[in-house]
Amino acid sequence: MGFLDIKSVTKSYGPVEVLHRVDISAEEGEFLVLVGPSGCGKSTLLNMIAGLEEITTGEIAIKGQTMNGVHPSKRNIAMVFQSYALYPNMTVGQNITFGLEMHGVPKPEREKAMSDVASLLQIEQLLDRKPGHLSGGQRQRVAMGRALVRNPDVFLFDEPLSNLDAKLRVDMRTEIKKLHQKLGTTIVYVTHDQIEAMTLSTRIAVMNGGYVQQLGTPKEIYDDPANVFVASFMGSPSMNLIPARVVDQNGEPHAKIRLEGGKTAQLRFSDPGLAAHSGREVLLGIRPEAITDPEGADRKSGNIQTLHNVVDVTEPAGSDTFVTTTISGKTCIARMRADTDVRAGAEVAFAVNMDKAVVFDPETEKRL
Amino acid sequence: MAAHAEADFRTRLQAWLPKLVLSPSLALIFVFVYGFILFTVYVSFTDSRILPFVDKNGQQTFDLIGFSNYEKLFRLSHWEIALGNMAVFAGLYIVICTAIGLLLAIFLDQKIRGEGALRPLYLYPMALSFIVTGTAWKWFLDPGIGLENILQAWGWESFSFDWIKNRDFAIYTIVLAAVWQTSGFVMAMFLAGLRGIDNEILKAAQMDGASNWNLYRRIIIPQLRPAFLSAFVILAHLAIKTFDLVIAMTGGGPGRATELPATFMYSYTFSRNQMGIGAASAVIMLMTIAAIMIPYLYAELKEKK
Amino acid sequence: MAAATQDSAVRTGRVTRMLIYLVLLLFALFYMLPLYVMLVNSVKPLDEITGGGMMSLPAQWTLEPWLKAWSTAQIGVQPTGLRPYFWNSISMVVPAVAISTVLGALNGYVLTKWRFRGDTILFGLMLFACFIPFQIVLIPMAAVLGTLGLAGSTAGLVLVHVVYGVGFTTLYFRNYYAVFPTELVRAAQIDGAGFFQIFWRILLPSSGPIAVVSVIWQFTNIWNDFLFGASFASGDGAPMTVALNNLVQSSTGVKEYNVHFAGAILAALPTLLVYIVAGRYFVRGLMAGSVKG
Amino acid sequence: MTRLGLGLRATVAAVALSAGAAQANEVEVLHWWTSGGEAAALNVLKQDLEGQGIGWQDMPVAGGGGEQAMTVLRARVTAGDAPTAVQMLGFDILDWGNQGALADLNEVAAREGWDEVVPDALKAFAQVDGKWVSAPVNVHSTNWVWANKAVLDEHGISVPTTWEEFTAAVEKLDAAGVTPIAHGGQAWQDATIFDAVVMSTGGPDFYESAFIDLDEEALGSDTMKEAFDRMSFIREHVDENFSGRDWNLATAMVINGEAAFQMMGDWAKGEFLNAGKVPGEDFLCFRFPGTQDQVTFNADQFAMFDQGGTVSEEQAALASAILSPSFQSAFNVVKGSVPARTDVSNEAFDDCGKKGMEDLAAAAASGNLYGSMAHGHANPAAVKNAIYDVVTAHFNGEYDSETAVTELVDAVSIAK
């Protein structure tokens, strides 16, 4: 039994089940991120944890106590909303202390708590202003202040950074991470941004279509995706999924792929166990950073395979250059060093790190 | 234990509060609207005259006579005229109000200097009761003392404007006064709608080379759909309720040329002591209202789910 | 207001603008006409009016009709003018507007933020109340008021106006609250605020614009109502419109048109004032809610 | 449905039986006399009662010649809050009396000898089942013609006494470019003329069988068609803007010499007097040509609503005050009508008033006093309004005389 337990929880609206048997358990101090495209059920799940939506079946427990039917304010949780949900008619200070006031905390204590939080978040100078006069980042801080001041068991964040511009988003991301490290409170954080998920979390639940597709540490999710959805959703640019056939050559399993001009290539798998699938059509999953120019290939890798193919497009991104080529009829992105000299139309050598390759069943889209 | 029970009670109370809060209004409406509608339907099947149902001594004074009030109603040429007038009046009134309201709103939305002064001028007629503005209108439209007289005195000898005295045109003067009263309000609704439209869309359309005319026709006016709907409902119900206006301006005349269902209903129920027929006409009016409102409400409320 | 901050993207040429101003001014004249007739005739002696000069400016200006309408005109058997009835109207309109607005706000709050099964149907049923012609309900209303012992009292009139106004106020507030961010309500719930606390502390302070719309609408309708006022008020407690009607309508007596018009403007002053003072918020209120479908 | 109906019936029954709201020692009076003169005259009554220690709770509701007040009355009675006394006309009194809503005034009537001094034709509207239920205030006669003397003199016209003389006068005036007839095109004004025209065309017996007995044969007769033809003649000789005009504006036309005649009840006199005109010098009043011997009347009365059981002291006092000769004289001098009792001194009245009183007494004596159809003293409201519909439609050119006659028969039969 963990600190926060979600046991076989489902949610239905009338006859329509939107969330199917979710089981997640989080330890105290964990930073759990629920990530997925919009409509995947992640916000619904968060709202159920908060008590804003009823649980259809199953149980949600915090510190071993069931929360089913408990009023949101009695769960000792705090929530930061996407729109920040700052009360427009109250000053920042009043916004922060409103919850304490509602819980009957005497005024001096409220003031004390407010000034502590304000100095923690460096928003002392904003306390008398109305939310309408704040910038996006300031509002974000106030919204966090409102959550922090309650000193809750669990913090719930509902896409808190999605309304900020790119730069501020990165800054606030770091800040949230720092705060978590400093306070050590359990956090459940909903986002559709996989980078946020990767950078912030101790564990990630990738959701889609009302199902938890995979629950794991960021590294597990990234390197060991359980299915095609997770593989393509996590990572940017997303994982290349190349149709291939497993062939047996010299007793070892290889991936046979088609190149430009009717040529083929065979890449040896690092995992000999794949020989069992010999003759099958599969999806070969390789992250862009595992396809490089030969000089930039990972020295630690024990299985670098090289192939030559025509370049479609090059996209210099400053730190790296993304090179697009077509393999087995699919567009495939390679990540090369910035100074690599490649031009569109030329035939170039691609070094593929087969240690990082994963294989999916094209029918079920599950890992093989 | 007791504390727990109390907390439990409070939670349950919180859960019931919304419905509890809604219930007084609902109760009022069920009695005072739906109860009364049923009452009216019932009366329409009786031969009640001065009072419904009973006299001072508790004696029943009516008989159930089935649909004969409805039969009488549709035999009355008077009622036919009232219905015909309603169709003309409501049609013109709604269309003209909407057109003027939209035009003024679009014009006012062009960063007009003095908008703040013009707007109340357009709106104020809503604030006045027809008990008296009716008289002012009557005078103004009267050929002997009003517009016709003035223009003729100014030298436009051939000018003629005697609609209010003319059986075939009097209904249009009612439309005129009704439009005067509510078109400003419709303007406000459209203005609000216009102000709510995202400016970026307009800029984009201009980039696309849309002329002002096309901009309004293709981009802006279609986005005002909610405003059109609200305006329609408000105007439709005002049209059906129109009563004071007719009484003040023409009293239903010349002859019966401006009789409307509302004045008909009032006249039969209260002046002519034929409450049964009055109730029957009221039922027909309610059915008309329902026929307009129910599809609207259905569409509106369905959409918002 | 909005005009100042809003940057209309539509550009118009000079000639077009002139035309626009012309049309707007012509309409302004159109709207002013009856008011002109009333004003002009309220400041001239009666013989000038009956002498035929109903549209012309007064040859002789006088405030006599105004004074007479306000304080000495014959309303019933006593020459009290409209003055005493003014307060009757106020004491009826203020509570009726306040109660119907508060009820409408609460209903709108429940119907948007505490939704439950069947709520839209209930709302539709409430809306239908807006469309009942008052003449239809007069007799059954009299029976109910009589049973409740409220006939001939201000309380009865307030009840009547609340009943037939609550549909409108609910409509206005519901549409307004429908676009009010639900996250704020959720945040407040998590903060531990109860049903009324959320309404009172979170929604109500932001309801200014729509409250203006609701108040203007209700104030105008109730102030101008004649039928209910005449039927359900006692003689002394009759509202302004009933007194005005008694001043203006007389089948077999001398008609002092100048006094009638002065009285009419006096009776309309409060509503005119409401429109002028609150009118600038009116469009904003409509914009914030009621026309957003 | 049935249960609801029963429930509502029970409700209405319960409230109808409960007593009115006026407090003891107070009368609440619903009336529509709100314009200066008549209201002031009513104030005399109020002061009279106050002198006896009875308060007067005023409840004026003007509009539509009492229609508005009748609507309010309906609501008040339904609410169980009936006023003590209500100004009423003709058939309304009988209708309410038949509902059992009115108090029995026989005791006062006997004490004060009303039976001897009130004309029978009037009594017919003040008694229900042999019981006095209301106190008549005045008698208006409605078959008057008002004329501008200067205009008539200028064109050498003397007072017409027959329809032919009248048409000759009218055509003469028309030829001279004077508007012969001032008229306001409102249903009741059209009907007021129609009353006089029917009386003049068909004589009193015809009037009685058509309007009082509602005899279909009379209603559909050629005489009726003739009456409608005469209406057409009048229609052709009113000015173009007659439609919707208030009666007093029409009177103003006669006062100002813009028109020669107006057919209107005796209340029009107030307008002339108010304009500083002198009867006999500036203006003339005479019976509609061909009705010199008849008087069509309407009478304002105060009906007393039953306050539970017997008539209250206050109601008795009010009724007695209304019929006192001093009030009858004082009120009617102002109002232009004549007293409801025939024994009041004519001293205070002007020429027109004196003539009115003489005519009334003579007509009452000779059985020539008839209730006015146009003013609800010949038939019930439903029929009256049905006739209005036809008359006004015809007057405004919707029907020709032929159609009008058939429509009249039809409309009356639906409304009966």
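Note that the chains are named A, B, C and D in the order they appear, and that numbering of residues resets to 1 at the start of each chain.
Please note the rule applied: a residue touches a chain if its C-beta (ideal position, glycine included) is under 8 Å from a C-beta of that chain, and two chains touch if they have at least 3 such contacts.
Molecules present, by chain and UniProt name: A = Carbohydrate ABC transporter ATP-binding protein, CUT1 family; B = Carbohydrate ABC transporter membrane protein 1, CUT1 family; C = Carbohydrate ABC transporter membrane protein 2, CUT1 family; D = Probable sugar-binding periplasmic protein.
Fair warning: this is a prediction, and the values are worked out from it, not measured in the lab.
The set of chains touching chain C and also touching chain D is given as B. Relative to chain D, the most remote chain by averaged C-alpha coordinates is A. Per-pair tallies of C-beta contacts place B-C first. Centre-to-centre separation of chain B and chain D, using mean CA positions: 36 Å. Taking the mean of the C-alpha atoms as each chain's centre, chain A and chain D sit 90 Å apart. Taking each chain's centre as the average of its CA atoms, chain B and chain C sit 15 Å apart.
For this pair, chain A with chain B, the centres built from the Cα atoms lie 56 Å apart. In chain B, the residues that reach two or more other chains under the touch definition are 14, 35, 39, 51-52, 266, 270. Residues of chain A found to touch two or more other chains are 71.
Among the residues of chain C, those touching two or more other chains are numbered 52, 139-141, 144, 194, 245, 248. Listed in rising order, the residues of chain C touching chain D in the complex are 50-52, 74-79, 138-147, 151-152, 227, 230-232, 234-236, 238, 242, 245-256.
Residue ranges of chain B in contact with chain D, taken from their complex: 35, 38-39, 42, 49-61, 72, 75-78, 138, 142-144, 162, 164-165, 167, 170, 247, 249-257, 266-267, 270-274. Here chain D touches chain C in the complex through residues 8, 11-12, 14-15, 18, 21, 28, 30-40, 42-43, 45-46, 56-66, 68, 71-72, 74-81, 246-249, 252, 256, 265, 267, 270-271, 274, 335, going by the rule given at the top. If you check the complex, the residues on chain A that touch chain C are 47, 50-52, 71-74, 77-79, 81-83, 85-90, 98-99, 102-103, 146, 150. By the touch criterion given at the top, residues 1, 4-5, 8-9, 12-13, 16-17, 64, 67, 70-71, 74, 77-78, 95-96, 99-101, 185-187, 239-245, 306, 380-382, 384-386, 389, 392-393, 395-398, 407, 414-415 of chain D touch chain B in their complex.
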